């Protein structure tokens, strides 16, 4: 596998990482139809845990079978497939070596009461990632939750273990919990802060949500206004978030949320591209469509990231 | 022990497991009168812990003696016998090698107040399972309890230890606690979700309760109705739960609950069979009957699973 | 030391234990005036911790000195002496080898407020038991306390460590706490349940209190009445508790509580004997009497257990 | 260093301790002007942590410098100097070998709110004691606090580690917290109980406060009155506390509290001596006086313990 | 690197430290324009974590890039650069060996609610400091927070690990939380106490805030008045804090807080110098100015500490 110059330049930003960790980043950056472009599309399938099986898979029933998602990611030429332990294990042998996998290390669910706090259970370990041949581990943090400090400490420890054996870390940085209003979950100041925290605690790849032009934190709002930070378009907001990821020294991908119309998905991707983001992590919008539609949509997204659409 | 084709097919679904773990799954699948059919009946005796000795054993007093249950499982030709540490130890030598045993690793009790939360104590370890020659470990999770994340993390750790030494894990996935209504404990959406969570955190065998056609979660109810998921019969509900266990890639058995009439027990088994479930885990309905009745009922259940009744 | 047939029969019930653990059980069963009979009298002195020094020792002031109790247990020909770390250490050398000792691993005290919950501090370790040459470790659990699950997990871990090095475990199973009414602490259904839990989590010797014919748990009460369980006399209640200790496969001794008249102590012992219990654990009723009285009482108790009184 | 007969007799009470631990007890008992008498005066300087620097050292400003206290203890011919990690480290090299040191392992402070509970932070480890050449570790427990069980468990663990490498443990047993009234903190029944607990959890040297004739615990009060325990003078109360320290088998020293008149300090020492106590631990009453006064007072205390004043 | 006499004198105060730890202190003391003077200026950049990226870096946008801060510290001839894990890693290779770095081990953020308590997440480890070649680790404690005891215990453990491998510890001692009023956060009695605690738990370098003449603690206020402690000027208050840092045996630097006018920054530095403090730790006042202004200000500060301005 010969890496392209653009990938080499990205890898050079990971100044303190060992060659094993860089090699796994390269595996993902060089994989699939976007291989070598510095752009990525990742398929994540942890919604069965987060929302339950029927809400996740009934709209496209073949998705109940873990093999379906491996095959979809391979056939669509994506960069990586991310899922919890059981999902990866159920196809680990059949698809060994055919697509880089990201072991999602923690998961929330929709069965628990609010009194239990906003948190996730850690359901896998770095040694699981090793024996399953994963290219990365994934972990969600909830900045703004009363459990956030514990979550930060959990991923810091797992990330240390993983990096020591050459496995990079993807952090899903999703503001949520006691201190975050509903609008605040996608406010641009909060999103940029979430990106910054993920970078500071050592994420190799950061995943955040696309944001709105809402500003939640009064102290921050003042600065945005005083400094005239341009947050008027999605592409500008993506660019501001990239700034907050060490001035773009960290790979960042954006998620699209619940299933929606194809045009809206394409618009998001163009904004990510134009704002300098590294790509999309796209779950329900791919596996809840039927296979043909999903492949067509993913093909179009590839074209967008290649600048052809 | 030569495995049948149907058992080999089941084992092939455990793609990431080592030969030791598969061998222990095979031990249980090949044991007893249902050996080789891919169906299972398991005798679980942890009710002394859960409900106390008199409520559990007074209806059939020989059951106070742990030897009784070993002998019952052997004589009925069951696939495995599951019990807490003390129960297994009290007959471990006499019955060594005569029946696969499942060490139940955690237990609840009826003596504690509600303020203590819905949780169980971990009362055994993987090394106990090893020195007692167990074919599997068993663990209860309470999805929906405020303690659920902790319980998930406990079994994930124990499962990792066990699988590393070739011991598979049976998860009792029983929705219960702060977020679950009384009806919700057996609602079909909740049952399917419970099966999914158990599969995702790595269960080799999943145990859930038979469900009703109630739908507890509003977000899920909407999807069940929109997608027209058929939950009108017990067999359909079993089939839906099997879908939720990785499209049937995981062994799942169903429990019957409190003692009830024999015909009702048989109807349950037929629904499990017709819905594609792997069998029954049947405690009070066997050991609270006198020995002759229990043997006769278990014999009939074997016939049902063989398609002869 | 040649063991008697009755002791051998008791030891045979410990099917999964290693020879070291059985040898230590034998040490206690073969010691003193009841040696070889299968009956036991144990002297426990942890009241200084539980109630304070003056309430415990002022009634018979020589008891302030730890040597007093070693000597009393030896001179009375008892089977074992149980005490917390400091008490055992203070005479460990002088009395080395003269009486089997049980290291009490946890203790409560009367200085703490109710808001702190019903719990005990773990004040010793298995390695302490080893270096002091103890024949067993002792541990109190409070079934019904909000701390009960933690206490179960603590002793399960200590018991595993101890059994691995040939040291058996004595569990004081004392229902107490948030879910237990005052009458419930000695209710027969609760006592039998406490015995069952101790057996299930692996106690080699169980210590419970003598009970009343009160029934605390409504669900249990129903069963006691339906099944006509005879709890009309103390001997019947002892027998029911022995049933709940794996049908008598576990050694169980009974405690007598606060100091009271000698006749009452003797009546208790006769009920324990007649109900099939293995003996008494008798603290304040021995060491709070002056030495001559205590020796005389203990001698009479020996006769009762031998069937001579 | 040849030990005196009285010191040998004291050491003989530590029946289970290894020679290293006894040697360190001997180091302290044989040091300084009271060396060999079985009596001790210890200088403790942890008030900077407990009350802050100005309240502790402004009255005698040279005390801001950690060297001052080492030199004071040496020049006064005391048995040992006790302080937290930072204080000992700041003079560890200059005064190496010149005075036995006790590493105070935990400390409270006056900056925290009551809602945080009565507890202390553990700020040193046994390996720190080893590398600093300390003769003992020191630890405060708060019997009666809701945190007491945790504190007991902390010192039990540290004491085990320390004793294994030949370092004895000094326990400051200070009743305090949710269950203790203001008067109760120095009540004689509570003080005796505090001594007993420290002895039971393994203290080699116990430090308690001098007490009043108040009785806090109703159950205890009854016994004190029934048994006619004489608590009418300070010397009688000291004697009763010595009884509660295993009938005097454990070394016990008494603290004097806040700075007060010299005569009062001398009266305390005479009561300790006459009641059979082993000496004083005297902080603010020494280092808050100017150096000349402090040396003169300490010299007089030595004379009192020698029976010359 | 030949150390100056003044640096040797400072190092001699670290009596118990190993040569590796002293060498790293020397690295920082000998670095940059103040090298060898015993004075220090440190650049800390953890505000992205504490306040978010826009509030921290928008005023001087090149600061979004971690390289900017390394370069600023080098070009200004500072003694060290302190930052969280991600920030250091992002320039670790480019700037290896060019400036001593301090790995900030814990961080707070402005996204969490008050109900979560005043605490920080530990986001790095000593092995991270080793592989990044750091000259020290840094850690914030919040004396007065309900979490303070936990924070003390965390840094005590990390400091032990770090010192064992020759890495000194910088403690940011910032009173904050349940027991501290707004004015109390900078009250002189509280500041001096914060310095004392940091010294006692083993800080090699202490960082506190400059204080006001407010006195928060009533017990302390009494002593300050009785003893006539002079706290009328900033220089006097610095001197009092140095007293509280073991009479000046520990290096202490002072922070300046939010961005303000240059003259005010200079006045602070003169007070620190005149009061005997070791220097400044200056973040927002340097990196929120444009690079030229910042370099000019830092140059002036160097002159002040050299006594030339």
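Each chain gets a letter, A, B, C, D and E, in the order it is written, and its residues are counted from 1.
In the analysis below, a residue touches a chain if its C-beta (ideal position, glycine included) is under 8 Å from a C-beta of that chain, and two chains touch if they have at least 3 such contacts.
Computed from a predicted structure; not experimentally measured.
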Contacts common to chain C and chain E (chain labels): D
Whole-Å separation of chain centres (CA-atom averages), chain B against chain D: 58
Averaged-CA centre spacing for the pair chain C and chain B, given as whole angstrom: 36
Chain E: positions in contact with at least two other chains: none
Order around the closed ring of chains, commencing at chain B, then chain C: B, C, D, E, A
Interface residues, chain C side, partner chain B - complex: 13-17, 143-146, 148-150, 152-153, 156, 160, 175, 177-180, 189-190, 192-193, 195-197, 199-203, 217, 219-220, 223-224, 227, 229, 240, 243-244, 246-247, 249-250
Of chain B, residues touching chain C in the complex: 48-49, 51-55, 57-59, 61, 64-66, 84-94, 107, 109-113, 115-116, 119-125, 127-128, 131-132
